[in-house]
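Each of the next two complexes has subunit A plus one other chain: subunit B in the first, subunit C in the second.
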Partner chain A sequence: MDMKNSSPRRTFFTQASAGVALLALAPGVRLVDLALARAQDEPASAAQRWGLLVDVDRCVSGCDACVSACNTEHGLGDSERPQTDAQWIRKVDLVDHNTGRQLSLPLMCQHCEEPPCVDVCPTGASFRRADGIVLVDKHTCIGCRYCMMACPYKARSFIHEDLTGQKTHAPRGKGAVESCTLCVHRVDRDESPACVEACTDAGREALVFGDINDRNDPLATQLAETTTRELRADLKLNTAVRYRGL
Partner chain B sequence: MIWGDLIERGCKWLSRAMRVVVMTIALSLGTSVIEAYAEVSQPVFPSARGEQCVEPVDIMRRDHFEFLKHQRDKTVREGIRTPRHSLAGCIDCHADKDAQGRFVPVNAKGQFCQSCHVYAAVKIDCFSCHAARPSERVSQSP
Partner chain C sequence: MMKSAYFQSVSSSRGYWLISAIAGVITLAGLIGAEHMESAGHWVTGMSNQVVWGVPHVFAIFLIVAASGALNTASIASVFARDDYKPLARLSALLAIALLSGGLAVLVLDLGRPDRLIVAMTHYNFKSIFAWNIFLYIGFMFIVGIYLWMMFEPRMNRFTARVGTAAFIWRLVLTTGTGSIFGFLVAREAFDSAVMAPLFIVMSLSFGTALTLLIGMLIFWINGATMDPALAQKLRRLLGFFVIGVAYLVAVDHLTKLYVTGHHQLEQFILVDGGIYTLLFWGVQILLGTVVPAILLLLPRFCQRGYLIAAALLVVVGALTQVYVLIIGGQVFPLELFPGYSVTSTFYDGVIADYTPSLAELALGMGGMGLAVLVTLIGVRILPFVPVQMTGKNQD
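Let's turn to the complex of A and B:
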């Protein structure tokens, strides 16, 4: 399964009734169903655990390719009130005052295996999908923001005002909490998250996406062969986002 | 007791007086109200693209929300993205284009979702979060 080179795909309205699911756009027209790791009608499975590796040594201060790609992908941040815009990824710059070493890294939902946001949610809106992606079901979210308080990484945002111009694949609205979905809509069609693609396109390759459970996956290999760490490992949340060079 | 009787009689008189007032108003407006009522006709909306709906029309009319809700849980919770009962699928077929060839939101006045929901007096909440036009991918197709 090649995560990085998947071609853009289009769904046509006529296909819903024709029963044909998806077609790839020319050139190289093909039936995508044949290439999908998981059939469209198959639920996400615990056989996979999707994760991210952030190579801090490759990330640079001032670059926000991942943040902009995320904003564009999900239609975030185009209101006139940047103070209250949702942030699914934030760039954090760190300085070690003893040595003067400077670091820059993206911080997003860490897709915890033991997510505090899910523990505290009174409605079951916060949940962890079988393949490890932590999401908010906005149909059930009541906007109480307990999860925002519980998240040690401040990964979640609350939508304060009416939104317009949402994307079909990223429904969002006032009164619900949201956070990084690991681009679940892209993952479900075998593509990597928008941030990972953007980082690679920017020539930095500081982000690696993949399946932690698959020993042959580039991500799993890197996790096995190099030293990486969880942020706030002391909390024992077993995060799916790992950092190297930190 | 006497006070009680008086109050009761007063109330009866008041309610009779009110009825007279209401009747008078109703009579003066009556004809136009009845006419307006008679004018409520079946909703009219643009016809859909595609050959046929994913379910028989009479079933869809009554139960479309059951399908949507079932699919919504499957998609959000389990990642099942079959197009058959997806809201995006409905919009892809039912969104109309304006004179300039641009898609009109399905919840705009006179459009597919809105016209029936106005007729049935049921508020649609989908489109405070969901896109009411087809996705960019579909918009590019003829």
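Let's turn to the complex of A and C:
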């Protein structure tokens, strides 16, 4: 038999065997995940609400693994003009005026339930997906920047120059506004956002991602068990990003 | 009732073409600036992710606010039945359209994607004040156009008062909408205030009257005439009261914020140690743009034309400065996300942002002014907008 013809078949059987072995080894974990995943052509559901928990006590000043991962994942570059460079996630260092306590935390789009950016967008380009992820439709954004004026978290960036080498999963372009997508392309593949993965890989585990609506989800469990707070809680936006230890 | 025969179009003259050429060059410079900004990207401006609305917005908001105020004279004539203001009614309506055109042109050309204007016209989010304003602006153009038709067409003159009343109500709503663009920005303490809507209405009365006086006098000068001194004096007093009205609401805005402890740092920045913004606020907006013109406009000893022109010019300079301090000063002051903490980040959290307007964006902003004058000049050349009895020639 021709090796060229037999190779794909052999690969198929190898992968299939591995798949069966995996299912046999960890049936509980994987089968539950597969049951939760939705097909690519299935719309996002309000049954889920994706969110993040930031454990400020675990976040370390000087560590920017989450920022680097985000920049790599979405092709955010450095134009040597920091005032106009896009930043979807940034590290913020805090010092308590009264006690001198030092904190460090990541700050990104808070994926509000009532997003001011969505309210003010004249064309509806800023929108909130059924599962709570706040996004910008790059085809209908006219670059008016009203959403940037309205965002309480300064989470959005305007693209001030021509871009090259964009990623197919992160369409970006001059003249439009963008912000953290909660790695929607990864979430739709049942993966965690790049920042969460990087934080875990760095051994910090300061970021927990999950479904706020699912009581069995580790995120929902932690939110239920500990005291967390949302930034600018006075605005009552019900953010999907919560902070512990702040 | 003022009849069509009492008005004339502006004839061709060296002055007409000179002013048209100047306005044309300024407009062209604006277009070049806009083209540069769009092809290179907004990094060639002073704007950044910290200061997202720059000088083009200052000019655009000034022109849009002034546009609704420019309709004052026509409104006084039609709505409040003051016949002595009728000679300027047509010109005031033309100015309203011209100033709005200039402001909207700047606003559109400052967009990140001005090529997507059609998207803005076909996709609406009706919760957005911006979307409301698109309707308010287009509606204003339309209603003032009808208003002019009623004034121009003798058979329709009987409807002038009714359409004038509709236009008057519309312009009040329009300026409320423009003020609310800022007033509804709950995230930014410099803007989040119910005072913004009435403040913008009074600003429109002041800015619009000042520009009606200045551009009106310019048109009369081009036509070899002068504005009726009696009417000029009435507008002078009116402008004086409007300037005081703006100052009152500015004071209310700041006093309200001073009462709230959480806003003290913002007020400290604008009023005391904000560098260029404090200097602009006290030196230009308050002293040169409010106190001096109020004295020139309200004290009888300064009733000469020269003082009136100087006062109106100072009101315009003060107005542009006021909008600059409001829009730019309100953005350079950092958002307070973590009360009780000092904040540092790579995204300029916790620090006063830098902003220096570039030539391209200044040109775009000025281009809007040039376009407004150009539209006015074209209008007065092709249609009888200028009252004959005010020209000093062809007295009827």
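As a convention for this text, the second predicted complex is superposed on the first by the 207 of 246 C-alpha atoms of A that agree within 3 Å, B and C clash if a C-alpha of one lies under 4 Å from a C-alpha of the other, contacts with A are read in each partner's own complex, and residues count from 1 in each chain.
To be clear about the criterion, a contact is a pair of C-beta atoms (placed from the backbone, for glycine too) under 8 Å apart; a residue touches a chain by one contact, two chains touch by 3 or more.
This structure is a prediction, so every number in the text was calculated from the model and none was measured.
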First (subunit B), second (subunit C), both or neither touched by A:Lys174: both
Touched partner set for A:Asp162, first subunit B, second subunit C, both or neither: both
Touched partner set for A:Val95, first subunit B, second subunit C, both or neither: second
More subunit A residues in contact [subunit B versus subunit C]: C
First (subunit B), second (subunit C), both or neither touched by A:Gly143: second
Partner chain in contact with A:Leu231 - subunit B first, subunit C second, else both or neither: second
Subunit A positions touched by subunit B in one structure and by subunit C in the second: 162, 174, 176
Interface residues, subunit A side, partner subunit B - complex: 9-17, 21, 38, 40-44, 127, 129-131, 135, 137-139, 162-163, 165-169, 171-174, 176, 184-185, 188-189
Interfacial residue positions of subunit A with respect to subunit C in the complex: 79, 81-87, 90-98, 103, 107, 116, 118-125, 140-146, 148-154, 156-162, 174-177, 231-232, 235, 246
Touching residues on subunit B, where the partner in the complex is subunit A: 49-54, 72, 74, 76-84, 86, 88-89, 91-93, 128-131, 134-138, 140-141
Of all residues in subunit C, those that touch subunit A in their complex: 38, 40-43, 47-50, 52-53, 111-114, 116-117, 119-120, 123-125, 127-131, 134, 181, 184-188, 331, 335, 337-338, 340-349, 353-354
